[in-house]
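For clarity, chains are labelled A, B, C and D in written order, and residue numbers in each chain start from 1.
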Amino acid sequence: MMKENLEKGILLISCPDKEGIVAAVSTFLFSNGSNIIHSDQHSTDPVQGHFFMRIEFSHPHLNDQLAVLKEAFDETAKPFKMEWSITVSSKKPRLAIFATKEDHCLQELLWRWQLGELHADIAMVISNHLDFKELTENAGIPFYHVPVTKESKPEATTEHLRLLKAHRVATIILARYMQIIPEELIHLYHNEIINIHHSFLPAFIGGNPYQQAFDRGVKLIGATAHYVNAKLDEGPIIEQDITRITHRYNVTDLKRHGKDIERIVLYRAVKWHLEKRVIVHGNKTIVFQ
Amino acid sequence: MMKENLEKGILLISCPDKEGIVAAVSTFLFSNGSNIIHSDQHSTDPVQGHFFMRIEFSHPHLNDQLAVLKEAFDETAKPFKMEWSITVSSKKPRLAIFATKEDHCLQELLWRWQLGELHADIAMVISNHLDFKELTENAGIPFYHVPVTKESKPEATTEHLRLLKAHRVATIILARYMQIIPEELIHLYHNEIINIHHSFLPAFIGGNPYQQAFDRGVKLIGATAHYVNAKLDEGPIIEQDITRITHRYNVTDLKRHGKDIERIVLYRAVKWHLEKRVIVHGNKTIVFQ
Amino acid sequence: MMKENLEKGILLISCPDKEGIVAAVSTFLFSNGSNIIHSDQHSTDPVQGHFFMRIEFSHPHLNDQLAVLKEAFDETAKPFKMEWSITVSSKKPRLAIFATKEDHCLQELLWRWQLGELHADIAMVISNHLDFKELTENAGIPFYHVPVTKESKPEATTEHLRLLKAHRVATIILARYMQIIPEELIHLYHNEIINIHHSFLPAFIGGNPYQQAFDRGVKLIGATAHYVNAKLDEGPIIEQDITRITHRYNVTDLKRHGKDIERIVLYRAVKWHLEKRVIVHGNKTIVFQ
Amino acid sequence: MMKENLEKGILLISCPDKEGIVAAVSTFLFSNGSNIIHSDQHSTDPVQGHFFMRIEFSHPHLNDQLAVLKEAFDETAKPFKMEWSITVSSKKPRLAIFATKEDHCLQELLWRWQLGELHADIAMVISNHLDFKELTENAGIPFYHVPVTKESKPEATTEHLRLLKAHRVATIILARYMQIIPEELIHLYHNEIINIHHSFLPAFIGGNPYQQAFDRGVKLIGATAHYVNAKLDEGPIIEQDITRITHRYNVTDLKRHGKDIERIVLYRAVKWHLEKRVIVHGNKTIVFQ
């Protein structure tokens, strides 16, 4: 019978591969009263490679004993030189969504969130335009209009930082927010800013990827969700997908069909990020599904 | 540095779910000198559900110490009521392929085997026709012609059993072998006979599925690889896939396009079976990829 | 240069195949001042088969001269025994959407309609529950609550018919409306009622298809959009699609993933129907894309 | 009833779009005793765009009257400034396949050809290695070994040209032939050389695309079949497809999974080319399916 106050946690581990890791970790969890619900692991190479692990576990008093558990696990982690984190499932991360004038990605995220498919609180929507004020506020989410021009960019960044801090935002989603993100923000939100690019990267980096795709005459178009780093469209890829096109599609058709890919790819990436399924290693991601 | 004589094994476990399984198993492996290379697990429900696990591990002297290891593991397994097996990777199972007059599935399996993508020895091809004699023997594989008529069916089964026994065959692949398999064979090769059915089961059970699909006007056709049990086309499904069709396709077109799905679906199912990735539970399969 | 008052029409033809059809039709259009923008055709068999054609054309005064054009085309059509229709693009058909308590299909249709991707006016949403009143009215669409119980079914049908007539509704979309449609309505809206069934028909006809899919252990789940006729789930199929699942999905997961297929499959079928891309022939459809 | 000596032809047309093309062409065919079996058309823009058409037609004496028909059609074609061709279906084009050391694309083409799925005679296989001599000759096809080194390149090209001419080769397939094609050959076989590149172009142009894909951490890998022109990997794309990969795949896995995409993409492109379904326009293709 299910214990009533059973609480769930997620343990993420990244360390050099070595014999005995799984035994040590699972023994630790068992001896501390946790039950492994699901476990995934990956090694780039069992010999001298790098090891990654994601464990969903339940524990009767996880919230209360989290600090104790963490301190205890540190002893297990040290000899293996683990980087690790334990996240309590009951605590939802706070999201900010940045948008501009294309609504499909924002709509998808709001809708999924309303359905309970995103493990997050949406703290706010920030936009350099007013178009989505009503849509956002109808969903019961604060909307902030922060105009961005070439001249006002520094002030806009200051305002962004102020809002993000005030709302204790952990993760930023760029839902077709067509502005370059300043380095200060990228640095502060390391591997916590997710962008959707409207091509199957690395093809068609930069502006107007659908026009580029049309000009090249490709037979597939795609979208790529990735973490934002200092290099435009070159951050670690979380998810990609494509759809088939034909010679009958003009650029407007490509944009219309592309939207359906963009919104689903971004949704998946955000969902997986929030469920702690994504580990960044170098410029690549491990995605435990 | 890679130890020279490192040998690989696969441990499969199926038991009622309970706290401590992973810890017990991983501790056993570690303390017996094994290193976990890859591990997958699944629970139908952490509370009172059923637990499944597949572990790829390496051990410096697996072949020599297999009997010892098995005896020792029995102690770990008993309290959890585990059904389990340990397979040594260096030992290849022996396959028999049954075929009739459609060559695409047979061709695909022979070709994948020649490429080293199937972890098996192909012991023989058995057919009720002579069409594939040359194809089979060119690949260096014995070919046996066992005609099957309504009257000769019992003799054919006797001959099949004799050949399978003589060649120590562990697994039978029905590569579009259009004959009902007798119960005696099904019983002897429990969950070791894989069939490819040319529809996305449970749609279009029985004969002429492409004609049935054409008559119904479906927009997708598919194929299903499944273990053979006593009920026609109702055994546990291992893999399925589909392809899109249009109103322009007649039944001949469906058959032609269907072949491309059949051969890839059968190949995947056979490959996963041979790599011990498939666990049958009730009438369903767990497939660890 | 584009003529300013150029109007678009769609000509649909269905007749026994015979030499000279394309020549006769294209000559008619050309000699009447029309320009063929796009043309699709299909023959089940050039000899004694059935011929289908869809032509998008432009005409400088189509709205004004429609009656004249139709009368003239009748002369061309007769010798070939054509069933045919000419639709003026500027006139949008009026839709009614029936829904119950699952919002994903309704949401998708409203959203696509707001984006201008559905060539229709949505006349109303009818539901046997009140859940979607606000959603519908926020989109500026009338909402009618018509409760349906075993006893009130006849009254409900009367009310449905009254509403459909009052709003001059041409096409009905069942957006996961979980009620049997009475024959009177099916008869009145022959090939004008589109339903979404949550399985890849003909697999899993009837209730709880996701539970059925779970029990059978399939590796793909699907959805089917079809015209409604007197036989439950057996009407002409317009579109189907599938998504891959694994042993890790329980019935709730299947439902969640299935929604994404249902909404896109229904959207496509409705879009194609409204763009006059679908011709029903017997129990099958020709879909010109 | 089917006339016994009915012969099939394919008419391809490319010209500036203008009213009356379809009427003129279909009237010509009808009045010359041809019956349209299938017709496809495309216009980049009905106003000042470019128009493309592919018509499959039958004619009772096509082989005998081809010259007469062509001369007559010239009168219809001239006022529209058509580029056009009529191909008789009974005449198969002659193919040369170039290969090196990877067999999957060659195998697929030979197998499809044996199944009757490629409308061509394979005149020969040319390779710079001896590996496929037996495979080719077993299929009853002449094999020519033409070694290519930096120094011998000019002699190799001369030998290639001699063989191609001697065997009256119309189309060249590069089945993973890892050599740069000299301009002389490209010029001579304008839009008649098809290459398979092992990435979803324009991503990963040049050498080692799977290593490039691995390094970038993409979640999809692909293949591209294209006509060869003077710019490496930049010719008109005929077909592309992709397959999903995960973080678990190393470069060897990518190569193995990529092969399955390469062979099917090349097969489709070759099939469509041989069935006269592909029209090159600028650096893009129209593919009528």
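One rule holds in what follows: a residue touches a chain if its C-beta (ideal position, glycine included) is under 8 Å from a C-beta of that chain, and two chains touch if they have at least 3 such contacts.
Just so it is clear, the structure is predicted and the values come from calculations on it, not from any experiment.
*Asks:* Given the touch definition stated above, what is the smallest step count connecting chain C to chain D?
*Replies:* 1
*Asks:* Please give the intersection of the contact partners of chain A with those of chain D.
*Replies:* Touching chain A as well as chain D, we find B, C.
*Asks:* Interface check for copies chain A and chain B. Shared numbers divided by all numbers used: above half gives same, below half gives different; which is it?
*Replies:* Mostly the same residues form this interface, as more than half of the numbers used are common to both chains.
*Asks:* Taking CA centroids for every chain, report which one is farthest away from chain B.
*Replies:* When every chain centre is compared against chain B, the largest gap points to C.
*Asks:* Could you grab the centroid distance between chain B and chain D? Build each centroid from C-alpha atoms only and quote it in angstrom.
*Replies:* 38
*Asks:* Centre to centre, by mean C-alpha position, how many angstrom separate chain B and chain C?
*Replies:* 42
*Asks:* In chain D, what residues contact two or more other chains?
*Replies:* Residues of chain D touching two or more partner chains: there are none.
*Asks:* Provide the residue numbers of chain A that touch chain C in the complex, in ascending order.
*Replies:* Residue list for chain A touching chain C: 104, 107, 111, 115, 117, 138, 256, 260, 264.
*Asks:* Provide the residue numbers of chain D that touch chain C in the complex, in ascending order.
*Replies:* Contact set of chain D toward chain C: 1-2, 19-23, 26-27, 29-31, 35-41, 43, 46-48, 58.
*Asks:* Under the definition above, what is the set of chain C residues touching chain B in their complex?
*Replies:* The touching residues are 42, 200-204, 216-220, 222, 236-242, 246-248, 283-287.
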